[in-house]
Amino acid sequence: MLMSGREYLQSIRDGRVLYVGKERIADQTAHPAFAQGARTYAALYDMKADPALRDVMSFAENGERYSMYFLQPRTQEDLRRRNRAHRKIADFGFGLLGRSPDAVAGNITGLSMKPEIFDSEPGGHRENLLKIYRHLRRDDIFATYAIVPPPAARNKDYYQSKGLPQPALKVTAEDDAGVTLNGMKMLATGAAYAHEVLIGNVMPLAPDQLKESITCVIPLNLPGLSLWARRPFNRAGAIEFDAPLTYRFDESDCMLVFKDVRVPWEKVIVHDNPALSRNIYVQTPSHALANHQCNVRFRSKLRFLTGIASLVTRATGARDIPAVRDTLGRLAAMEAGFEAMVDGQIEACQGVDHGYVLYNRRYLYAAIHWAMEHHSELIDIVRDLMGGGQFQFPASIDVLEDAGLRELFETFWTAGEMRAADRMQLFKLAWDLIGSDHASRATSYEKFFVGPGFAVRNYNFVNTPWDELHAIAEALMASYQADQRSPS
Amino acid sequence: MLMSGREYLQSIRDGRVLYVGKERIADQTAHPAFAQGARTYAALYDMKADPALRDVMSFAENGERYSMYFLQPRTQEDLRRRNRAHRKIADFGFGLLGRSPDAVAGNITGLSMKPEIFDSEPGGHRENLLKIYRHLRRDDIFATYAIVPPPAARNKDYYQSKGLPQPALKVTAEDDAGVTLNGMKMLATGAAYAHEVLIGNVMPLAPDQLKESITCVIPLNLPGLSLWARRPFNRAGAIEFDAPLTYRFDESDCMLVFKDVRVPWEKVIVHDNPALSRNIYVQTPSHALANHQCNVRFRSKLRFLTGIASLVTRATGARDIPAVRDTLGRLAAMEAGFEAMVDGQIEACQGVDHGYVLYNRRYLYAAIHWAMEHHSELIDIVRDLMGGGQFQFPASIDVLEDAGLRELFETFWTAGEMRAADRMQLFKLAWDLIGSDHASRATSYEKFFVGPGFAVRNYNFVNTPWDELHAIAEALMASYQADQRSPS
Amino acid sequence: MLMSGREYLQSIRDGRVLYVGKERIADQTAHPAFAQGARTYAALYDMKADPALRDVMSFAENGERYSMYFLQPRTQEDLRRRNRAHRKIADFGFGLLGRSPDAVAGNITGLSMKPEIFDSEPGGHRENLLKIYRHLRRDDIFATYAIVPPPAARNKDYYQSKGLPQPALKVTAEDDAGVTLNGMKMLATGAAYAHEVLIGNVMPLAPDQLKESITCVIPLNLPGLSLWARRPFNRAGAIEFDAPLTYRFDESDCMLVFKDVRVPWEKVIVHDNPALSRNIYVQTPSHALANHQCNVRFRSKLRFLTGIASLVTRATGARDIPAVRDTLGRLAAMEAGFEAMVDGQIEACQGVDHGYVLYNRRYLYAAIHWAMEHHSELIDIVRDLMGGGQFQFPASIDVLEDAGLRELFETFWTAGEMRAADRMQLFKLAWDLIGSDHASRATSYEKFFVGPGFAVRNYNFVNTPWDELHAIAEALMASYQADQRSPS
Amino acid sequence: MLMSGREYLQSIRDGRVLYVGKERIADQTAHPAFAQGARTYAALYDMKADPALRDVMSFAENGERYSMYFLQPRTQEDLRRRNRAHRKIADFGFGLLGRSPDAVAGNITGLSMKPEIFDSEPGGHRENLLKIYRHLRRDDIFATYAIVPPPAARNKDYYQSKGLPQPALKVTAEDDAGVTLNGMKMLATGAAYAHEVLIGNVMPLAPDQLKESITCVIPLNLPGLSLWARRPFNRAGAIEFDAPLTYRFDESDCMLVFKDVRVPWEKVIVHDNPALSRNIYVQTPSHALANHQCNVRFRSKLRFLTGIASLVTRATGARDIPAVRDTLGRLAAMEAGFEAMVDGQIEACQGVDHGYVLYNRRYLYAAIHWAMEHHSELIDIVRDLMGGGQFQFPASIDVLEDAGLRELFETFWTAGEMRAADRMQLFKLAWDLIGSDHASRATSYEKFFVGPGFAVRNYNFVNTPWDELHAIAEALMASYQADQRSPS
């Protein structure tokens, strides 16, 4: 039962409490800061429901159609199907929507592929998870997540010794109906636009943090829950032309503040078990399945970026200078290499429990690491290719609205075959990709959305078969003694 | 005759034509986009005139006091005096004002130290230059420059063949009173705030570009001249706390459009001589003297950045983690290394004509290159240290104005010893230094304000005594023959 | 008809003229500089003929078995079969044999998959190529290549004007029997050990370099041909333990000098056609098929290197320090990312003419570029992990032969669980991989064996579908006009 | 009383026990592995005694002349004098002699400038240190040091629990005459050539490592002391032309093994005080004064390297290609930047106790860090510029000794204006600087001789005035409140 764009827009006007600074946003779909973003997600829902894209964007099971990103993959071809649907969505967003609806869907689908993990220890709720999975796919839900405690939560002892309330989200009461939550969780990207949110912990908790281990999937309009958005980048009266990516793709990031929020038991999947609350991601296909979406998304962004870099150099007339061509060749090599890393995950896919298959984990984490490590450099390369180009244009394309200024603009800013407005459009677009507030937030996002660098390197470390690699040199060393010599 | 801040503010309300998009800015000192910037420069003038800083900020000559950056250095100590004045100004602006009044003053002062260059070829106007130099220092003028043609100017042939007006600024008529200018020149950083602008060419012109070689120093309110600002970063009603650097230090960048602008002869220093119009910078102390200011400014920025990086890690509690401390040690090494490069220019200063002395050119261009090459990395290091910190705060500090939100904010965002608002202040400041629109513009500025990378490397190349370096290996090779052997 | 190791050793004692400085090497299989290397290749032949590895190392066609690297791939599975055989060989040589027998075999096999290219222009010899292909695979020939002119060849005009002989190899006479060659060609890696050599041009020639365009496959013992080896790294009396990789894997590099060498027509595949002499590589599967071997080889080296890096840190006790573990995680991410790039070439394989398939070209060149660009850094990482370790051991393990020294050695150099000799073995091995003469030559090899960096980036540039990448941004720009605005 | 080269050679034939593997070297000045090195140091002594260089290389005090590197600097000019003498020595060795006689002399001189540190705690021997300082300068002694424990020493507990002898050097007995030492110390660079060695600890010891804290300056021929050299790079019969730097500048590195070595009290400067044994370096001018020599030495190497890079590109004809010129410009910028960092240490010198002055510590550690961090890249740049050049030459210049080969060589390897042998000489020299065994050892040396990277960054961290840097941002933050706004 795929939702239409119109239904989607209706569905998110659900009374959630959303603040921008001190301003309460009554209707995201009408407020300057969020209206364009909401339209973007609506268009995505429409695309997903488009009959022409049916086979790419959805699959059938027991006579029902579901979004492809809920598919539990059983064959290498299933992995390709998921990959194609991710691509379609990522291309739609030019790789700029980190938390599109196919992202967290991968986490939940991954959990559903190894539900017995919830039986393995106390505090797991297998049936709840499966019900949630079926609900999300049946109702075409857009879920996001908030799975990191606020920084202050690290100073637990301090808060306790001072008798201060501790900001980390935790269960403060429970009864037959469910649990009561208080505290803060971060960072719910897309929460202004999503329907529900997975609350949990992707970083290890201490064994005594029982109450913080609560893991649940809840609607964003639960009473007591407020969303505190970071500063939006879109402004009232902004002209799309002047910053087209900001205009469409500001996915927003929200801190979630819980004041006596009541969550019914059926929404809870882990409770009172710190170890389990993290293991569900890394000991099931959850983390890997979700992160393949990140790889595919980054691939779209990289293709977009590479194309723009080339267009910019064509516009400045520099594309045929050997040093510039060399830089583009390098950029193209980086882009193709990343695509190869994504495709390699399918070629080297791995069988997992219950006959499911999964993208190659080592390759997946390697690609995540590559993207995290190279994003700043990629941006810097395009910045170099742009020179100071973006600062040479008027403050806004609204100069066209004044006949006198328009004439001056068209006379002085036209260059070669390229009209003034076309040049300006390209440079404004490129700058919005690499230099605007929006772009700068993306640079931090690409570095941290999977966790800090050391965490990403740790995923790589723990997934490496060190014994196998050690054995290469060990076998060599076993093959010669201290007394073997060349002829003299 | 040092100007006060109040006099300065009065003096720039001079009727200049300044556009932000289609909006004409009648009074920069009152418009949201420029008012704070103007106040910043006014404070700088006040600081300069402060009796307590008299000996640092100014020098006396023939009974008159002038801003120190007009000093023609005759001794190593004079170089230190200029250096100290630059420092004071740069520290005032936290290294964020690229085109503070001491910048282009260095160019003009450098020209005045070798005025005979204007006699060396036709088209030079030695006396005009000297008069301009004396006028600037006597009237305490803030001058900027615009010395690069618009990108379209490269396609000269295209414009000619199509009969299109060519956008590069050139002399289109001349008579006894002076010359008439038409065309575009870029990129006049600070033009919204400066009094005058040096128009010229820092990149080589072709020999037949006689009319483009015009070099002059003119007021920014000449009839026919319009300033087209790039998008300003400061907004109406912006709160300083939310973006304090944007608030104070948006120096603006303007394209200059000339429509039949008449310039009297006494403002002209080069005319009809393409080679001379560039040589005046590199064959006199002009370029080097001006760029020492860039070095000193970058030093201030680097110190500011290093301090902030440390404060951020202290706020997150990460400062004692060995990997973080190691990163701070590396940042400190980079910072100190850059300071050393600036001081080294004084230790190894060079005598030039007329008994003047100059900062060591090779060291100066090396420092310029270092800054250009490392700025992105420096920003990236701080970005890494911040993690996603800046996105965890409310969109604006205006939450304090609502009692309910204020209580939630102070409860949940306080961490350890550090109050919510203090943490937010630090993170907003840090982000404004490395992540905002303003910061991103600075990153491009640091890469390109002296010219593109290859031009900076070329300054280094041409100033290198290659014969001296070759001789090292050549002498070694001359010292052995093909038949010298070790004992067997 | 697969050759045994013994047959191989016999076969290369063929009277070729091989110099090390002024010394003529009469028998490579007995001379200290080459004996161990020859043994290595012999062992490779034995492995290839081993019945247990029959299906991996060879394929059957018309009842005959051939080395797998002569397989003309018709399916994705065929690409996997070639890949597996390359792996086996690369693992055998720890990724250190750049020009193992499966390398140039790929070039010739690639030519055989599009033989009509030789009919497309004058000077091509299709039937000769096919005969050569069948001869190589039938007789289990180890071929290398020399396809670059000597540096001096660039100064053609100088040589002509001075009447000097020009060093570039060219046809100086021809008759019914064949052509006569004079000049120099470089750089025949492995020529001391191979049977035959492909002579040709991988860099574009000028249109008038008709006689330099000669392309042929000839035995290395032709009269008049001499091989001038660069300094070998293996020494008389060298102890394997002290430098085990140098001992086994010095593949040698030779300049080839031709003095009136007569080549019969049936060995010639291109003559008098400069354009064709280069196009045969890039317009057929030749270049791509051969370079997949390079990727697979680098993969083996990278696995070996990563394992050694880990073992070294285990030996020094540093492996559990967070910063070291982080570095290993990064190294593992790089290693896995490269493996993914190789596997991605299979997942995204491309159909080519005649029903053949080929590794994805863009991914392949991206992987080549990655390896070239990162090799120095990889080596540097291991160097960092080793610290000064390698210099703390005695000059040679021969200290064990003196009872007194042995006792001191075992007393003082034993550390923890690890005996002195075992630690020394590991550090000597690691150093031989990253720090010895042998290792240093490999570093230059990895940078240049496919050509200089700009050439590798050019392969990436020309294989990029720029129109497809441009279209992404172009479609976006076509979707909005200058007048679309956010709600105010 | 400056020694002559001949006296020096005589003086080091002192019966010391020096092993290369199992071979005992009876006379370093005659053995192929060390003879050329010894000649190099002798030439250095001759240069130092040369009357023409008297004022640069030595100073007079109380009528006696001493090597300049024993000067206790009291003025900025004294720092320049030391700097000039270091330069002369460093230029003599092309920056390749890490442990030239002026290196450890700086350590001892630095100690002599704050001798009261030895009185500050028990176990210090102030008078011994002063006597040693006077002895070294009076007798023109070449001292080296060994101040790091063997790696195994970290596993102290293991050795104790197993009852194994612990390899770290310690005092095992003491009596009226002095102390008895047993154990191992590393890594005495130059020990084959020096007269004496400073034994001590530059890394912190644990408080209970009393006996390991022994610090003394002893002759290298003490009974019971043996020197275990790492593998020497020079070979019997080696031709200088083939590897000229290896030939002259293999300074050797030795592990020192002590078997019941008796050291008289007057040679002891610290005993039974772990904290003091390290503090003497960092709490006196010792470490900084010595490391300025490292900076100056690296400067010479960098100038040599930059010149060679340029010569190589001239030889290949690539110097005028824009990309190559750009690379040389970048290299020149790095070189000049480093020189500036060294000179800056003088401009910003610091007063210390007793009226002495010292190079600016922060700048000094910054320069050390720069060199450590960039050395690999510098080498890699030259490697890139060389291409595969070095492998295109015959194995040895001994081809000239065979008339036939000589003719072929001169015919084929001559290129343009440059004779075959001249090209070969340049490429062999360049390769010996960046690619040989000798070069590779230097790369590790440059990374580790001051300690591992984290230690160098720690020197930078602890010398940074963090409060001063913090204050910059803190003052800014104190200057605005949450309610300051732009005009609306």
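A few remarks follow.
The letters A, B, C and D name the chains in turn, as written, and every chain counts its residues from 1.
As a working rule, a contact is a pair of C-beta atoms (placed from the backbone, for glycine too) under 8 Å apart; a residue touches a chain by one contact, two chains touch by 3 or more.
Note that the coordinates shown come from a computational prediction; the quantities given were computed from them, not determined experimentally.
The chains that touch both subunit C and subunit D are A, B.
A count of contacting C-beta pairs for A-D and for B-D identifies B-D as the more extensively joined pair.
One simple way to say how far apart two chains are is to compare their mean CA positions; for subunit A and subunit D this gives 50 Å. Centroid to centroid, with C-alpha atoms defining each point, subunit B and subunit D lie 40 Å apart. Across the assembly, subunit C contributes residues 322-323, 326, 397, 454 that each touch 2 or more other chains. If the chains shown are joined wherever they touch, the resulting network links each chain directly to all the rest. By the touch criterion stated above, subunit B contacts subunit A in their complex at residues 19-22, 150-152, 154-155, 158, 164-165, 167, 183-184, 186-187, 226, 228-232, 242, 253, 255, 257, 259, 316-317, 323, 376, 380, 383-384, 386-399, 401-402, 405, 408, 411-417, 435-437, 439-441, 443-445, 447-448, 452-454.
Those residues of subunit C that touch subunit B in the shared complex are 322-323, 326.
Across the complex, subunit C is touched by residues 30-32, 35-36, 91, 94, 234-241, 244, 247, 303-304, 306-308, 310-311, 322, 325-326, 328-330, 332-337, 339-348, 360, 362-363, 365-367, 369-370, 397, 400, 421, 425-426, 429, 454, 456-461, 463-464, 466, 469-474, 476-477, 480-488 of subunit A.
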